[in-house]
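Order of writing sets the labels: A, B, C, D, E and F. Residues in every chain begin at 1.
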Amino acid sequence: MKPCKRIEIVIEEPLARRMEQLLKELGAPGYTLIPRASGSGDRGLRRADEPTGTSTNCVFIVAADDPDTVHRLVEGIRPLLSRSGGICLISDAQWLRH
Amino acid sequence: MDSFFLTNLSSPPLLFFFLGAAAVFVRSDLEIPTQIAKFLSLYLLFAIGFKGGVALAESELDATVGLTIAASLLLACVVPVYVFFLLQRRMPVADAAAIAATYGSISAVTFVTCTSYLDAAGIPWGGHLVAAMALMESPAIIIGILLYRLYRNGTADTDGPIDWADLLKESCLNGSVFLIVGSLLIGWFTGPTGMAQISPFVADLFIGVLCLFLLDMGIVAARRLQDLRHAQQTTGLGPTTLIGASLALPLVNAALAGAIALLLGLPEGDALLLTILGASASYIAVPAAMRLALPEANPSTYLPMSLAVTFPFNLLIGIPAYHYVLRLLTAN
Amino acid sequence: MDSFFLTNLSSPPLLFFFLGAAAVFVRSDLEIPTQIAKFLSLYLLFAIGFKGGVALAESELDATVGLTIAASLLLACVVPVYVFFLLQRRMPVADAAAIAATYGSISAVTFVTCTSYLDAAGIPWGGHLVAAMALMESPAIIIGILLYRLYRNGTADTDGPIDWADLLKESCLNGSVFLIVGSLLIGWFTGPTGMAQISPFVADLFIGVLCLFLLDMGIVAARRLQDLRHAQQTTGLGPTTLIGASLALPLVNAALAGAIALLLGLPEGDALLLTILGASASYIAVPAAMRLALPEANPSTYLPMSLAVTFPFNLLIGIPAYHYVLRLLTAN
Amino acid sequence: MKPCKRIEIVIEEPLARRMEQLLKELGAPGYTLIPRASGSGDRGLRRADEPTGTSTNCVFIVAADDPDTVHRLVEGIRPLLSRSGGICLISDAQWLRH
Amino acid sequence: MDSFFLTNLSSPPLLFFFLGAAAVFVRSDLEIPTQIAKFLSLYLLFAIGFKGGVALAESELDATVGLTIAASLLLACVVPVYVFFLLQRRMPVADAAAIAATYGSISAVTFVTCTSYLDAAGIPWGGHLVAAMALMESPAIIIGILLYRLYRNGTADTDGPIDWADLLKESCLNGSVFLIVGSLLIGWFTGPTGMAQISPFVADLFIGVLCLFLLDMGIVAARRLQDLRHAQQTTGLGPTTLIGASLALPLVNAALAGAIALLLGLPEGDALLLTILGASASYIAVPAAMRLALPEANPSTYLPMSLAVTFPFNLLIGIPAYHYVLRLLTAN
Amino acid sequence: MKPCKRIEIVIEEPLARRMEQLLKELGAPGYTLIPRASGSGDRGLRRADEPTGTSTNCVFIVAADDPDTVHRLVEGIRPLLSRSGGICLISDAQWLRH
């Protein structure tokens, strides 16, 4: 097991592709994407009920063990979130190597 | 005039829209799963595109067809510009641009409901109107984004130069535009032979599916209306102003589009469809594109305006009212 | 008697129910996505409601209609009360109340399957039975909750006084009741004209959709049956007792309902439908309402009883058996 | 970045609306709701396979940085979970401010 | 020869497959929700199974039927063996076994598209081919797993002895096989009476649903093709080799199957269907089974080969080309 | 509240049943399963777009407070992940007892 950071990002579904692109560019070792979440935050209720997906959120989970990568990820994600809203939580975890 | 409203109000799709809205107001937990709603909307785009294409294949392409399409493109370019300049002083530039794009574009479901209104009334309409609809979806998106780029002042230019490839992709190639255009082309190409194969699917089921989809839209729209009433708008405009704008804009745009239709001397069905295209506002293609291109625009302004006010207004009152006025004016 | 069972067993919907159950027993991974299953069930409610409404519009509303509806409401009030007092001494009050509500209410899919059985046998039935079905969904929920409030002794009263608005909302306005009633009203209002527009959707596809939905219900019911066999019941009753109860209750309720139908002299189709309404137990509206109003009742008791035992029992054996007995008794 | 608590709640889907209401009343700064989860716990298997949703779970994620709010949330959630079942996990995280 | 391709290319389902692929290449965000895609595929299996069963009920079961089924089983056993030995020296044993299983099994959608091609061309085909298709899904899975067990050398045997029950379950009872066989049996049993009840659902809608499903498959296949081009293959074979193999295998298998069909003197429609069964490769049942039984095989090799290359190849070129060659050879 | 470990596993959906079985055998006190995730990792992009589910992931969340159970779970999960790919993250959390 190796210590790592677990980065969790909630963002709107229409922006998911852009986030995937960004994570790739920033060198994330991988990510998991859970679609079709709803939620509430500064910009009000997001109901996840439209055929359009415009009010739907999604959750990214990124595990990264290299501190440089973590730093680059956090700094790289910040501007996108500033423009579009959403949240990002970072916590400590152990990565089970198999 | 009453008879127009009566025809409209006694059509099952409209009544199911009401039923959906009623479910929200009495706080029932009735809900259509989202993937189903997405599917129903894909079906409607697929069916209307295919039917329009087959109609095109069966009709002669004369000058009026070209003129109608040119007029609809003109409309799609003029509306976002005037709406933007009207709003731009009263709210952040990004929001003004997003609303402009929303009202410059069209709502395919409003169009589809109008075709079923015409069908029920036995009034013919041309397949090229479907092409016009498809072509009217995108220009407003591009214009909205360009206007935003030109008029935002002082904002740090984090965006760099305009990425035209991206812009075109996000405006012209979003899923719904692509599906309508594609189905239209396939319908055109395969013509009546193709129709014979899939008509039980695209034609016979159409109104039934529209009922279920409008049931869902009634739920979604009523929820947004409630949100709008409670929301503190970041645009600095109160809910009343926003609702007022969402009622005024379709009327002005309908007048504009109707005038063009009359000038061109379009037949009754086509004139009503062009009018409703002008009057309707997008709540699928444009909001999706705006989230990508203008993430700083607040979706809880432009989405409820178009979805919760303009959309039901056109459905319930707009279609028969525009029809009535068009009849009045052509009767002279 | 055999011929009744044969008609029933050779109907595609029933066979697909078997197929779904078989998939679970041989451990196949066959699965219908849940949003699809939800959609199929919404479609069935929408279609049966609309068809019932149109049938109402086409028929005369005479005294029997009123009597049938009154009888069904009576049934929906009497059943939960007697079931509650039967069970209340043997299990926690919350569980007794939830089971009482479950059996006092009805299963729309059982009803729908019975209508397709009647259609296949060429026996007519009245559209007002759909209204009766819709009206029978809710009373048992209210009664169950009231009984729980009255009879739980010593429990800390964390709930405060009864919130009647909430209670009515959760019982009468849950999604399925709302959709049936709404579709019924729209069908009634638009009548044969409305039907002409959407009959390919609501009428022609009905049996096919029912097949797919029962395929899913077969899967779901068989899984619950397996859970029931393995589960340690918190109610203190073993699986055998619960399964026994789930077989006895529909029989007693069918007898009750059938007796009323015979007393009122209802025509054959209506009598069978009223009987099946009595015999059937809810596994959609009531469990959803119970989770909200009585979260302390264990859903792994009342849900499998109704879904895994009573539902298949009524489908496979109940419908033809009740029919046979009704024929026997009216032949005299 | 600001330290915060990440509260994760698994509850039945029919109770999701009530939980949303509760979170709002308790002053949660926001939440994310992931629907249609299945699971297993003290009250047996939940298969998430019925059209009814009665055997479906959902996952709430709530980030809160104010300790008072966290306390209020935890105490407020507890009674609902006691009546209906479900679990609640609380962990430390960093909240990326943007 | 041209006319065969023309018939094929002007059929709506094919054109919608193209449309889906085009959406990916121009980078549109058009998407069919996955639960819907799953549902459409379940519908197709359900409908083709039922129709095949009814056709069986209406036809006489003579020697050719038995021979055809025996031949198809033979094919399903021979193909995976020869493919395995061809590949086994060039890539890890697990991957070779998975590819062998993939190409030994069949693609129900390719089959279904071929039946709609035959229907459009007015060429009859026998219901027992559906049974043959269902029977050909599983043997390759078992053979692939057994070959892997026999030929992996040196690997730590973490698996223990073969669990035959599991193996049979994963190969013969996976959802799609189960649904086709089940629907076939129900169709057979209920025959024309059953068909009369659900024909609007299973027959009339078929081509329309196939259009939407192929639209989705076009999207999915084109994405996989892009992945294949960019992916670093763990198998040590470059994308070109893999694409080459994915084109060569269906040709060889088609030749094999076609030869058998000619030897048996099958009628035109049946011969083409047997050929396409041989040529097609699985991308539903087999990959799912392989993930369970051979998790060490890399799904990003066998899945794109079958889904992104062989599947479109058979659809666009294979069906008319095999048909053309069969005609040529039988004309002699 | 009781300290516990929060184990999060991302694995392919076709293997979900096997994982459920495994968790039961290893004595997990419960789990929550979030289906239909997409993702990217060592074995490339998983798009979650096929009707087959072969390229779909799912996320397991397991809370366990007994250290022995945690150890058994981690050691028991490892071989499955080695054969099939996927990740496993372990972090500290507090379990709200109700």
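A few comments on the model shown:
By definition in this document, a contact is a pair of C-beta atoms (placed from the backbone, for glycine too) under 8 Å apart; a residue touches a chain by one contact, two chains touch by 3 or more.
Fair warning: this is a prediction, and the values are worked out from it, not measured in the lab.
Within the contact network of the assembly, the step distance from subunit D to subunit E comes to 2.
Graph distance from subunit C to subunit E, where chains that touch are one step apart, equals 1. Taking each chain's centre as the mean of its C-alpha atoms, the one that lies farthest from the centre of subunit C is A.
Each chain gets a centre from the mean of its Cα atoms; the one farthest from the centre of subunit D is E. One simple way to say how far apart two chains are is to compare their mean CA positions; for subunit B and subunit C this gives 41 Å. Between subunit D and subunit F, the centres computed from C-alpha atoms are 19 Å apart. Of all residues in subunit D, those that touch two or more other chains are 34, 36, 48, 79, 91-92.
Counting partner chains per residue, subunit C shows two or more touched chains at residues 29, 31, 34-36, 38, 200, 204-205, 288. A complete list of chain pairs in contact reads A-B, A-D, A-F, B-C, B-E, C-D, C-E, D-F, E-F.
Within the complex formed with subunit C, the subunit D residues making contact are 12, 14-15, 18, 36, 43-45, 47-56, 79, 83-85. By the touch rule above, subunit D contacts subunit A in their complex via residues 1, 4, 6, 20, 24, 29-36, 61, 63, 91-96, 98.
Within the complex formed with subunit B, the residues of subunit E that make contact are 10-12, 15-16, 19, 22-23, 26-36, 120, 200, 204-205, 207-209, 211-212, 215.
Here subunit E touches subunit C in the complex through residues 34-36, 38-39, 42-43, 46, 50, 169, 173-175, 178-179, 182-183, 186, 189-190, 193-194, 197-198, 200-202, 204-205, 288, going by the rule given at the top. Those residues of subunit C whose C-beta lies close enough to touch subunit D in the complex are 31, 34, 37-38, 40-41, 158, 216, 219-220, 223, 227, 231, 234, 283-284, 287-288, 291-292, 295-296, 298-300, 303, 307.
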